Every structure is written in C-alpha cells, then in structure tokens.
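What follows is subunit A paired twice: with subunit B in the first complex and subunit C in the second.
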Partner chain A sequence: MKKIFRSKQLQILIIGFVIAVLPFIISFKRATMTMLDTVVVYSIIALGFNILLGYAGQISLGHAAFMGIGAYMSAYITMQLHLPFLLSLLISGLVPMLLGLLLGLVALRLEGHYLAIATLGFGVTIQHIFKEWTAFTNGYSAMKPSSPSIFGFIFKSRESYFVLSIVILVLLSIFAYNLLKSKTGRALIAMRDSEHAAQAMGVSLLKYKLIAFAISAFYAGIAGSLHIHLLRYTDPNSWGIGLSLNLLAMVVIGGLASIEGSILGVVFIVVVPEIIKEIPVIGEINSLPTILTGISLILVIRFMPYGLARIMTQIKFRIQDNKVKSTAL
Partner chain B sequence: MNIFFQNVIAGLETGSLYALAALGLVLIFRTTDVINFAQGEMAMFCSFIGFKLFTSLGLPYPVAFIVTIIFAVLFGFIIEKYVIRSVNKASVVSKMIVTLGLIMVISGLATALFGIDSHYLRKAITLDNLNIGGVVIQPNAIFIILVTIVIMSVLFYMIRKTLFGIAIRATAQNETTAKLMGIPVNRITSSSWIIATVLGAIAGLLIAPTTNVSTTMMGEIHLKSFIAAVVGGFGSFLGPVVGGFLIGILDNLVGYYITLKWKTVIVYGLLIVVLIFKPTGLFGKIHRKKV
Partner chain C sequence: MSILKVSNLSISFGGLKAVDNLNFEVEKNSIYGLIGPNGAGKTTVFNCISRFYTPDEGELIFKPGEQEHNLLSYKVHEIIDIGLVRTFQNVELVKNMTVLENLIMGMHCKIKGGILSQGFSLPKIWKEERKAKEKALDVLEFLGLKGIENQFAASMPYGVQKLIELGRTLVSEPKLIILDEPAAGMNGTETEELATLIKRIRDEFNITILLVEHDMNLVMDICEKICVISFGKKIVEGTPEEVQKNPAVQEAYLGKEDE
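Then we have the complex of A and B:
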C-alpha cells in the first residue's frame, strides 16, 4: 500500500483531484476563481518552460509568442472554422510545437546570450505579426471566443473551467514527470550541465534541443488555448516581452528543474500582486507588482538559487554545513 | 536619388543612436561577460530625469543634459555596486536573468514615479535645416552622427592605448589573473557600467524628440541596439557602430521602398539570419569555447 502511494504519478493525481474539488466545497468569489483558473493555465506554460530552462538549460525570451499563437489558433479554429474545442486545443499545441522545432534549430547554433537575443527577436517579430495580420488575429479589435464545450457540456462557470484545466495540468505534469525520469530527461540534464560532455557520451544535441523546444512550445500553445477560452478575450498586447519575462520569473522564483517549483512560482507571481492590491496606499501604485516581481527575481538568484521549491532542502543543507564546521573546529 | 540620400541620412541618424546604445552593451559585455538587458530601461529612466530637469525645474537644456549625465554616472555606479556585484558568483545565465529582473524594477519604478504619459522633449540642436543639392539635412542629425563617431573613437583609443583599456581587456580575459596582476577589477567593472549608462542616457536624450519621453520609449531602440551589436559582433567597438548604421539605413530603406508595415519583421528576420549564419557578427572573431 505504501509503495503505491510513493508513486509520484499517483500523488500528482490525488493532489490534482483534491484541488479540483476544492472550489465546490469552499465557494470562492468569481474574481478569486478567475485568479485560480489563471494560476492553473500559467502553470501549464511554466511547466513547459521549466523543461526548457531548468532541465535542458536553454533560455528563451520569446515564449509569450508560442502562447499567443496557441491562443489565436484556438480562437480561429473554434470561431471561424466552427470545429470542436478539443481539436482546437490539440492543434493549438501542435502548431507552436512545429515553430518550436524551428527555434530549436536556431538554438543548435547559439547559446547563452545569443540565444536570448535571438528568441527575444523571435518574440517581438511574432507579436508584430499578431498586430499586423488582422485577418487572422483581428488585431486590436481583439478575439472574443465563446466558452468551450466538450461533448455538449459547456464550461461556462469558473468552477467547471477549473476542473477542465486541472485535468489537463495533471495529465501534462504526469507526462513531464515520466519524460524527465526517462532517458530523455537524463539526456536533457546532461546537455544542460555540459554540452561537450553530453556529446561525448553520445547524446545528440540536435535531437534533444529540438525535443526541449518542441515540448515547451507545445505546453505554451495549450496554455494559450486555455487562456483565451477562459478570459474570452485577447489582443496582441498580451503576448509581449512582459509575459515572457514574467514566465522567466515564475520558473526562476519557483525553482528551476522542479515540477512543483513551476507551479509554486506561478502562484507567487499571480497571487502576491492580488494580495498587495488589497493593502491601502501602497496597493494604489499600479506598477508595484512588476517592481516586486523584478526584486524577487534578483533576490532569489542572490539568496536561493534553487528557488522556493527547494528552500527547505537548502536550509537543511545549511544547518548540516554549520554542524560539520562546528565539529571540525 | 534625393529621396534615397534623404533616407540614408535619416538612417545614419537613427543608426547612430542604436550604435550609442550598442556601444554600452558591448563595453559591459567585454568587461564582465554580462549582457545588460536593462540598458534600454536605464536609458529611459535617465531621459525622464533629463526631461523633468528641463521642464519641471526649468533648467536650460545644456545644463539639464549635463546634470542627467551626472545622474547616469551615479545610477550606473549604484546598479553595478548593489545589484550586479552581489550576484558575482552566479552563472552567466543567472546574471542575465538579474538584468532582466532589473528591467521590471526600473520600468515599474518609472511608471510609478513619472506616469505612463509620453512627453515631447526638444532637439539638442535647433538651427535651420541645411539644403545640400536638394537633400535636406537637419543640423541635429549631423550632431548626433558626430557625437557617435567621437564617442566611438574615444572608446576605441581608450581600449587600445590607455592603461584603463588594457585593464578592461585583462579583466575580460580572466578576472582572477587580472586581480593577481594588481588590476582593481571592481573599479574597472564599475567604470564600464558607468560609461555604459552614460552612453545610454545620451542616446535616450537624443532620441527623445523622435520617440517622445515615455516608459516605452527605448523598447524598439534597445532591441535594435542588440541587433546592431549582434550584426557587428560583440568583439569590437567598430562592429556595433557599423551594425547600428546598417540597421538604421536598412530600416529606413525597407520602410520607404518595400513596406512600412512589415519593416520591423524584416529587420528582425535579418537578425535571426545573421545569428544563424554568422553568430560572431561581421567583425567578430571566432570564439572557441574551452571545455
């Protein structure tokens, strides 16, 4: 019995189930529910981004573009082509994935800063295309898709949407967990730690960079699709460098190379500003969340490079270290 | 033909500003191996200070300009000393992420302090336009181009010939060895951040008449300065200037002759193509990574 519960997949399932049921037990305000929904949606993209940055060690400052493509794809398919939501969800994951492969090819030749600059340029270009290609994106008049329906059931209430996105998040988390525990995951980590050493061990950089970019782009696309159907509104301004930076902050603050960390980071970035808003006087400064996110990002890198997810382990190690030192003296 | 030259001159003018910002990037990169993604934001903040000095305090333009540069010196010093140096031991990617965090902090602060409106700031030189054989040239454009070339030459001379330059190059090659040779590494990195911030502030003040002073004013220039640095190569000071001029001219010509709507996409496309085929840039040397 104990053995079964130790399986991480089952743990994810149980936690997911408990969280999904929660809103039906405690009834939240609609605004709180929207916030929780956004947390789940961003968790999906953060998870994908963590596979890229945390496990494969590849930086991208253009991931908002993938999320945007997913969102617009999904809206276009359900609104213009009148195809079912599930199909649009799948396609809006696959199209960014193809583009992700392309970016992976670019990453094969570049590293570190150059990759960051290239992906930054990619993100800005795509955002510009969103602005100009109004036939597809509707430009600043915005896309307003209706609530999604699966087999006749319409996910109109925030609670039902929460269940839907939790289900997808759980599936993708289990997939990520299995993937990262497999040969692929080990190859990604080897590549992150040293490309040359990995190559010497027979890890194909081409294959694994492509895999990392494709998977993270797929996750981003899915998140985009869920995002647009949740808020039922999007315009090109949502998919800029600001979102890409926030995404980076989520993953770094939460904890690189950690599935729980990705989600913790999202909670931090989404929920903290909402709490600050409630504080009188300071809460009135609109840009305060941005400032705080930036400061936390810097502080996390300075003081806890392993992120919120591993803070307990870090403290434990620190205490052990001190003990060793004191006995040595 | 006149229109062509008109576009080229306009391209040189904006290109100089890209080059100025790019020089700052390259200077910091060469001394500390960090790419300062917050360069544009820092320049924006300095421009706002300049704007406030000029309008709210009513200082004459040259005085406001100089006080802004003094502010930039302090600003660069503080950022380097209290933010960048504190993460000295982190990896290169982590340092880059710190500068990305700085973007958020500085732009957030600017929004909180100065609001989100955009304001007009006058040109540095407001003489009558020159007309040379049908090509109209603004004295301000000539001023901007000259400033860039002078700054580039000074930097070039400094890096090549002075003790400071040798110290910068030594620090770039190996920090520990540089320290052992008695080079005050901290002071060197501090000064390169200060110079870079000043360059950014100058670029910001000079671009202000075209873009207006606002929190988003440096967005495009900042990105294009990256492209300038990439196209020219991070390895030299000549590269970014040539890269800046190229981007500026190309930007104008594409906008005029091909399409205004898609010019940004085309220019960024060029960036990605250059990165793929010549990652070290036009003037860069091949940099082999040691295992």
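Then we have the complex of A and C:
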C-alpha cells in the first residue's frame, strides 16, 4: 500500500484532482479563474519545453511558433472544417510535431548559440507567415473559435475549462514522467551531459534530438489549441519572440530538468505580475512584470541554478556542507 | 583467429599524418596493448576503430563470431550493438546520473520498447527495466562496488569513476573492449588491482581487450602482445620481452644514444 502511494504517477493524479476541484469549493472571480486556466495551459508548453531544454540540453528560441501553429490549426479545424474539438486537439499537437522534426534536423548540425539563432529565425519566420497567410489565420482580424465541446458537453465556464485542461496536463505529466524515467529519458540526459559517452553507449544523436524536438513541439501545439479555445481569440502578435523568451524564463526559474519546476515557473511568471498589479503606485508601472522577469532570471541563474523546484534540496545541501566544514575545522 | 584486423589505416588532420599506414591484428581472447610516446596517434587509432573518426584510407574488420563486420559501414552509435565498446581517456560518465543509471546506459541498445510503450509505462517496460537493473547490480558486485549504486557518479573518487566506466562497458556484453589509458591517474596499488581485474574480465567473460596505456608496468604485466607506434607508424610488434629489447623502441621513447 505504502509503495503505491510513493508512486509518482499516483501523486500527480491526486494533486491534479485536488487542484481541479478547488474552484468548485472556493469561488474565484472570473479574472482569477482565467489566470488559473492560463497557468495550466502554459504549464503544458513549459513541460514540453523543459524536456527539450532541461533534459535534452537543446535550446529553442522559437517555441512560440509551435504553440501558434497548434492554436491556428485547432481553430481552423473546429471553425472551418466543423470537426470535433478532441480531433482538432490531437491534430494541433501532431502538425507542430512534424515541424519539430525539421528543427531537430537543424539541431543535429548546430549547437549552442548557433542553434539559438537558427530557432529564433524559425520563430520569427512562422510569426510573419501568420501575419501574411490570412486565409488560414485571418491575420489581425483574429480567429475567434467558440467554446470547445466534447461529446455534447460545452466547456463554457472557466471552471469546467479548468478541469479539462488539468486533465490534459495530468495525462501529459504522467506520460513525460514515465518517458523520462525509462530508456528515452536516460538517453536524453546522457546526450546533454556527454555526447561522446552517449554515442559510445549506442545513443543515436539524430534519433534523440528528433525525439526531443518532436515531443516538445507536440506539447506546445496542445497548449496552443487549449489557449485559443480558452480565450476564444488570437492574432499573430501573441506568437512572437516575447512568448518564446517568457517560456525560457519559466523553465529556468522553475527548474531545468524538473516536471514540477516547469509548472512552478509558469506560476511565478503568470501569477506574480498579477499580484504586483494590485499593489498601489507600483502596480501602475506597466512594464514592471517584464522588468521583474528579467531580474528574477538573472537572480535565479546566479543564486539558485537548480530553480525554484529544487530550492529545498539546495538549502539542505548547503546546511550539510556547512556542518562538514565546521567539523573539519 | 583474429577478432580485429586493422589494415593500411591512415588519417591526417590538416596535412599532418596522425596515423600512417598502420597494420595490426588482435587475437581473440587476448590482451593487446598499443603503446607509443605522447602524440604517437594511439587515441586517434582508437577513435577510428570506435568510429568517432572516419579514416582517410584503410580497412577495419571486426569478427566477433562467425560473422565478419566491416566497421567502416557502421555509425558510431551502432558498434556497441555488434559487440565493440570503448572507454575514454578522461572518463566520460553522465554526471547527473546515479552509478546504477550510468551502468544501465551501457544496455541502451538491449532494452526494448518504443516511445509510446515507455510513456504509458506498459508492463513489458517494467520487465525490461528490472532486468537491466539486476544485470547492472551483478556487474557492480563483480567490480566490488556494491553499495554505491544510488550515489551520483560525479561524487565518486576518480579511481572509482574509472571502474564505473569499465562496468558500463561490461553490461553491454561486448566481445571486444577497447580501453583508453585505463590506469591514468591511478596510484600503484590501484593499478595492480586494475591489472588483476582486466585479466579476470578476459578469463571469466571471454572478452578480448585492446588497450592504450602509458603505464609500462601495467602493459608489460598483462599484455600478451604489444604494438609500438611512433608518429603514426608501427615500429615493432611482439611479446613484452621482444618489445623491451628492441632498440627502435628505446630510440622512440628516449632518443638516440649518441645525440
């Protein structure tokens, strides 16, 4: 029995369930609910991005593009083709995944800074395609899909949407956890820490770079689909470099190579600015959230390189170190 | 019968011939040493055999059993699957993994299961993982390292890390292990223990060993045949006694007497 409760998969399920029913116990304002929904949606893309950056050690500064493609795909399928939402959700994950494979091929040839520059170029290109290809994206007139419905149930209220997105986040978290605990996860970590060791042990860099990019693009696409159906609005400006950089900040601040870290980072980046907005005087400075993000990023990299998720472990190690030092003296 | 045959191997970097028309053969179940002064091209030869480099010319034939493999038609990550595995001069372990996980890395090709079955954690994946874990623990026991399996590999002393790397090659059930300076950074006692261990690996698992080493005591102690190279060329090949007596070897290492 004890062993079952120690299983991470079950823990994720329980935490997910508790959080999902929370809005039905405490009633939040609509704006707060929208914020919570957004946190869950961004958690999905952050999770995928962390697999890429934290586990596989591959950078991408164009991930907003995958989320945008997922969003437009999903809106197009439900609005123009009148196909069910669940199908659109799946396709809006799969199409970015195929494009992710292309980026994976690029990553095989480029490393570090050069990969960052190339993916940045990819992101900018896709955003401009969104602007020009109005037949698909409706350009600045925006896409406005209706609330999604699954088997006749319409997810119109913010609370029901919260449950829907939590279910998807829980499933994707468990999938990510399982994958990272097995052969694929080990291969990604080995590739990140030592490409030579990974290759000598039989890890094909080509295969695992493709896998990392494909999975993270899939997660991004799913997040995009949920995002557009939540806000029921999107225009090309949403999918630019700003979002890509925010994503990087989320994952780094939350904790690289940590599933919990991905989610904590999103909470930090989305919720903290909202709290600041409520503070008088300071709250009136419009760009404060962005400034704060930048400063936090620097502070986190400098003082807690393992992110918010591992802060307790870091403190524990610090105390142990001090003990060892004091006994040594 | 030879398990590895290197013929006419040549590779150059920017006009400099690092390996020049090198030929040697490694007998099955033997311990074969490749030695030479610094910069002689030993590691380059290893990198060609393990396919990190593609030689300009030459042939590399690997014959672990009945089947003969032309190594040049394999990619670097494919050779472990046909039974050829290597270690590195400066220990290449995965820092952020435990000792056990590092060993399991050696079984990467042997563990079955696709992405989806891993993601859904199907029972067949558990079975594969359990099997891999048991095998890794067995090897740790053989190396006398039981008890540290859940520690981080990077927190281990250098000598232990070298053993872990050796263990990682063993779990892949290879036919030929190539060791790049296994004794580098080890003290006298550790080197002696290593010598016994390498012999045991050959005797108990029937694995052929090819090694590059600077520690002459170790080489002369365990190798049955030695190939000395200098400036990418073979000077002499023979038993430890023959090599030690050879004037060309003394010249390569110490310079000419009358200079």
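As a convention for this text, the second predicted complex is superposed on the first by the 329 of 329 C-alpha atoms of A that agree within 3 Å, B and C clash if a C-alpha of one lies under 4 Å from a C-alpha of the other, contacts with A are read in each partner's own complex, and residues count from 1 in each chain.
Throughout what follows, a contact is a pair of C-beta atoms (placed from the backbone, for glycine too) under 8 Å apart; a residue touches a chain by one contact, two chains touch by 3 or more.
What you are looking at is a predicted structure, and each value in this text was computed from that prediction instead of being measured.
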Which of subunit B and subunit C A:N178 touches, first, second, both or neither: second
Partner chain in contact with A:R6 - subunit B first, subunit C second, else both or neither: neither
Subunit B versus subunit C as contact partner of A:D193, first or second or both or neither: second
Which superposed partner A:I211 touches (first subunit B, second subunit C, both, neither): second
First, second, both or neither for A:K29, with subunit B first and subunit C second: neither
Partner chain(s) touched by A:H82 [first = subunit B, second = subunit C, both, neither]: neither
More subunit A residues in contact [subunit B versus subunit C]: B
Touching partner for A:M201 - first (subunit B), second (subunit C), both, neither: second
Overlap of the subunit B and subunit C footprints on subunit A, listed as residue numbers: 194, 196-197
Of all residues in subunit A, those that touch subunit C in their complex: 9, 175-176, 178-179, 182-184, 186-187, 189-190, 193-194, 196-205, 211, 257
Parts of subunit C lying in touch with subunit A, wherever the complex brings them together: 50, 52, 75-78, 80-81, 85-86, 88, 92-97, 101, 104-106, 108-109, 111, 113, 115, 118-121, 125, 128-129, 168, 172
Subunit A residues within the subunit B interface of the complex: 57, 59, 61, 106, 109-110, 112-114, 116-118, 120-122, 124-125, 128-129, 132, 194, 196-197, 241, 245, 248-249, 252, 285-291, 293-298, 301-302, 305
Residue numbers on subunit B that touch subunit A, as the complex places them: 29, 35, 37, 83, 86-87, 90, 92-94, 96-98, 100-109, 111-112, 219, 223, 226-227, 230, 261-262, 264-265, 268-269, 271-272, 275-276, 279, 289, 291
